[in-house]
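Next come the structures, one after another.
Common to both upcoming complexes is subunit A, partnered first by subunit B, then by subunit C.
Coming up: the complex of A and B.
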């Protein structure tokens, strides 16, 4: 499939499970939109299956999961596996929220590419995404 | 009580003239040499300009009248305190939040907390429970017992209530969407434990309208959510008159970045929706208002915004009850505040700094009047669920504020401060203007259904975060005095990973051994009551005693009411 040059980055933001804390994901959504990205929010109370399906169907480049309830050690690895199984293994999977440092290696090994914990600067997140996108487009062009 | 303006005018004209002179002769030359460190100076959340100096002339500018605006403790408009003797006859009740794991895990932790000198407890449930699912529902995999206690059936509460009820006199149950199921379970569990309901205060939060506004733990569409909440309210007023059927957790609007004016106005408008629904059940305002006057209010790090918010809250409630509903009993005109330092001021970075923050905010709570009850979050909350050392420090912190600082030795010690009274009055006026706007759009349920509240909060969230990132607000450890390679030395509390599987096994085993036909019949009765508008508490009580599960009861109501699936545009993202 031919990528159009300068296509806008498409980001799916989601809340998994029963965790309904939305302040962080609201701020990120506004910031990414302001940076020119397309942002889709799944709404609350999603299962890994629902998020994986939405990511494939919406053909997003990035899946960002906001988690503040301690369910992350189970539902994030499951989402990563579902994405791989459904042909979405090339999507960038990010997590943010309350994620203790000692859980991070487990999540990274399971396929979460990058974790932004509480207090992360939205400008750093935007910069990280822009850089990843530029590199991806460059490697696809090559 | 209004005295003619002319009586004040000469004195304050002098003050205005003298202030101008001071500004020109003394301050302006100094500032010219040493420029101010901020431009402009503003309050943290409201972003209201802060003047370099407040004088009696500022009180005149906002129309301040001591007897009308402030008055005396225990008397209308209660600005100074709802208690005639402030905290001189007794401190506020000191509480902490707890709740995790299985019922027996909660009981163990609760006993530990009671031993630390606490007399009241708050029981929080996991997200499976608060969203109306049983632990074995595929929707809640990974969430069981994590953010609070797992509650599937009466059996879990029987285990949780293995407590010294001679020490425990107050229990707040934080469960909003699944009322009246939660109320029925607690009533049944207390009965089983032989607790005299007259000798104990159960306080159900029952705050579904705040869930739709910003928290998200809803099940049914808003009008049904309000109806079942009102069932629980009516049942408690008629059957357990010493209990509390509602809390307006303004402290959930605050972390959603409501500013103090929005907090007062949204909370009070939301409370009016419950009041109106309860009045429709044939009760009068002087009976109803003393039950629906519990508010949990957070104080943030802006010391004066926090203090003035508590003072303005008391006064706004009193005015609203008197002016909108014609309430006359003092109990109806007095708000009951439970105050708390906010968790959103705490940082993940340099977590021990949070102890300092908590002490400052707890002091602000005490100076603002503390209320009936103060609860302190713990310094390690940003990391994980609280560890025992943090619980000890959190409990000690309230005793330090109460016994060591002297702030509670006189009533409302900051009253009369030109700044405090100006800010209090400005907040009151702005909150009333915002309330009028909400009432004009049809009240709180309409404001929820149209997304007015959610969009207002979404804007605040984004703007306040920008303040931080762009350095207008300094936050130690986050954007100021940052340690690049921070080593974390803090005890982290861990849940047993097998806990979820055990809880799932337990609820399945329960379903296998109970009287299934009786449970099915009881669930049918719940559907019937949901359909025909009968109070749902009695039928839920019958069902929980037969060990119908929490999720089954919530599903029975889902069958009738449907579920709330808001347009994601309304989520504020």
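Coming up: the complex of A and C.
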């Protein structure tokens, strides 16, 4: 007799670059926790290399990046590439914060799956993740 | 499956991370995985770090990792934080204090939520230690959730348990109550640059003195040192690391290292057995018995007897 599996969505939240504005990412972290997810914080001033290493060690399903100080057109594609190179290509990469509309096609082409800009409702983020997680589990069970 | 187990044995980080995920999620593949890697375990020294919330366990762990790396040891860290008993969600933030080791290939840090387990650890913590052991990490540091007075499961898991205290928390009565004082092998007063350090130090000294007199400590051949630390500045790291190795040497001198590893496997066997027995007893019919108890139509002893009888293959009261 085997114990019942108890899969739980794991999300890494990180801030790339030098900005220290943590309010948004903290609020999102708590919203995800309230939705029953495990949220791993990595702290401030992270480089793409540090985030990729943490995402692999923690074996998260989702990597969420908060970026408010520009640099995202350089940092996010690099993170997406590092994740692919290190065996984390199946992880869902999300970005949020100050990301101009004109940068979004570039980021999505580079492997950022979804971008939540300023003013996004945490409930929408939770719903997006729950739906993605349900679909992922269904496809793995099939 | 074979790839993941082989990857663990080869020390591949992504494979080890996935193995821990399976075991934490109770994935059916986990049991076979442990079977494969188990022969390669038993080498790493498991070091518990425990203490009340806010004692600085994560920062102290970070300092210890730095010290152990300077001695060319590979270090695994399992950092446990509480899961919400209501939603099951968790904020796992211990990595924040260990960010400087993020890119060191000799360090593997994993955060775990307690997922409903009391006692300061997750049910999967033992399994995660086996994985890191099999991957070849020399020392595995297990940082518990902030604990109160009796959440000391870590002492059954670790070869060496470090109790971290801070000045100004509680009075003598608190220290007397604490099961923590009976359990640890190394005592550290962190934030020792703060007011109240000397009073706290005197309390700890008294407690440790009484403990030695009463010989309640598990290892009669080991006298628990009381060390001071200021983890944010790195003060005390060397002395703590020295004490960790001294304790290992003391254990090995009396064959205690392997014995402690064995006690750990014994505890884990019983834990797995409990879970599986409960799962078997609570089949479809078992749920009905449980509902009877919940409705207060039968008492808990009768209900448990009926559930046990189901495992025994009988159909009525045991």
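By definition in this document, the second predicted complex is superposed on the first by the 136 of 142 C-alpha atoms of A that agree within 3 Å, B and C clash if a C-alpha of one lies under 4 Å from a C-alpha of the other, contacts with A are read in each partner's own complex, and residues count from 1 in each chain.
Here, contacts are C-beta pairs under 8 Å (C-beta built on N, C-alpha and C of every residue); 3 or more make two chains touch, one makes a residue touch a chain.
Source: prediction; values computed, not measured.
Engineer: Counting only touches as set out at the top, which of subunit B and subunit C does A:110 meet: first, second, both, neither?
Structural biologist: Touch partners of A:110: none, neither subunit B nor subunit C.
Engineer: Given the touch rule stated above, what does A:8 touch, subunit B (first), subunit C (second), both, or neither?
Structural biologist: In the superposition, A:8 contacts subunit C only.
Engineer: Considering only touches as defined above, state whether A:98 meets subunit B (first), subunit C (second), both or neither.
Structural biologist: The first partner, subunit B, only.
Engineer: Would you sort A:53 into first (subunit B), second (subunit C), both or neither based on which partner it touches?
Structural biologist: In the superposition, A:53 touches subunit C alone.
Engineer: Looking at A:29, would you say it contacts subunit B, subunit C, both, or neither? Reply first, second, both or neither.
Structural biologist: In the superposition, A:29 contacts both subunit B and subunit C.
Engineer: For A:43, select first, second, both or neither according to whether it touches subunit B, subunit C, the two together, or no partner.
Structural biologist: both
Engineer: For A:86, decide between first (touching subunit B), second (touching subunit C), both and neither.
Structural biologist: The second partner, subunit C, only.
Engineer: Does any part of subunit A touch subunit B in one structure and subunit C in the other, and if so which residues?
Structural biologist: Of subunit A, residues 29-30, 39, 41-43 contact subunit B in one complex and subunit C in the other.
Engineer: In their complex, what parts of subunit C are in touch with subunit A?
Structural biologist: 13-14, 17-18, 20-21, 25-28, 31, 83-84, 87-93, 95-97, 99, 102-103, 108-111, 113, 115, 275-276, 279-280
Engineer: Per the contact definition, I'd like the list of subunit A residues that touch subunit C in the complex.
Structural biologist: 1-8, 10, 29-30, 32-43, 46, 49-50, 53-54, 56-59, 86-88
Engineer: Which part of subunit B faces subunit A closely enough to touch in the complex?
Structural biologist: Subunit B reaches subunit A through residues 126-128, 130-131, 133, 138-143, 146-147, 214-217, 255-257, 347-349, 382-385, 458, 461-462, 465, 469, 478, 488, 492, 495, 565-566, 568, 571-573.
Engineer: List the residues on subunit A that touch subunit B in their complex, please.
Structural biologist: Where subunit A meets subunit B, its residues are 13, 17-23, 25-27, 29-31, 39, 41-45, 47, 69-75, 98, 100-102, 117-119, 121-123.
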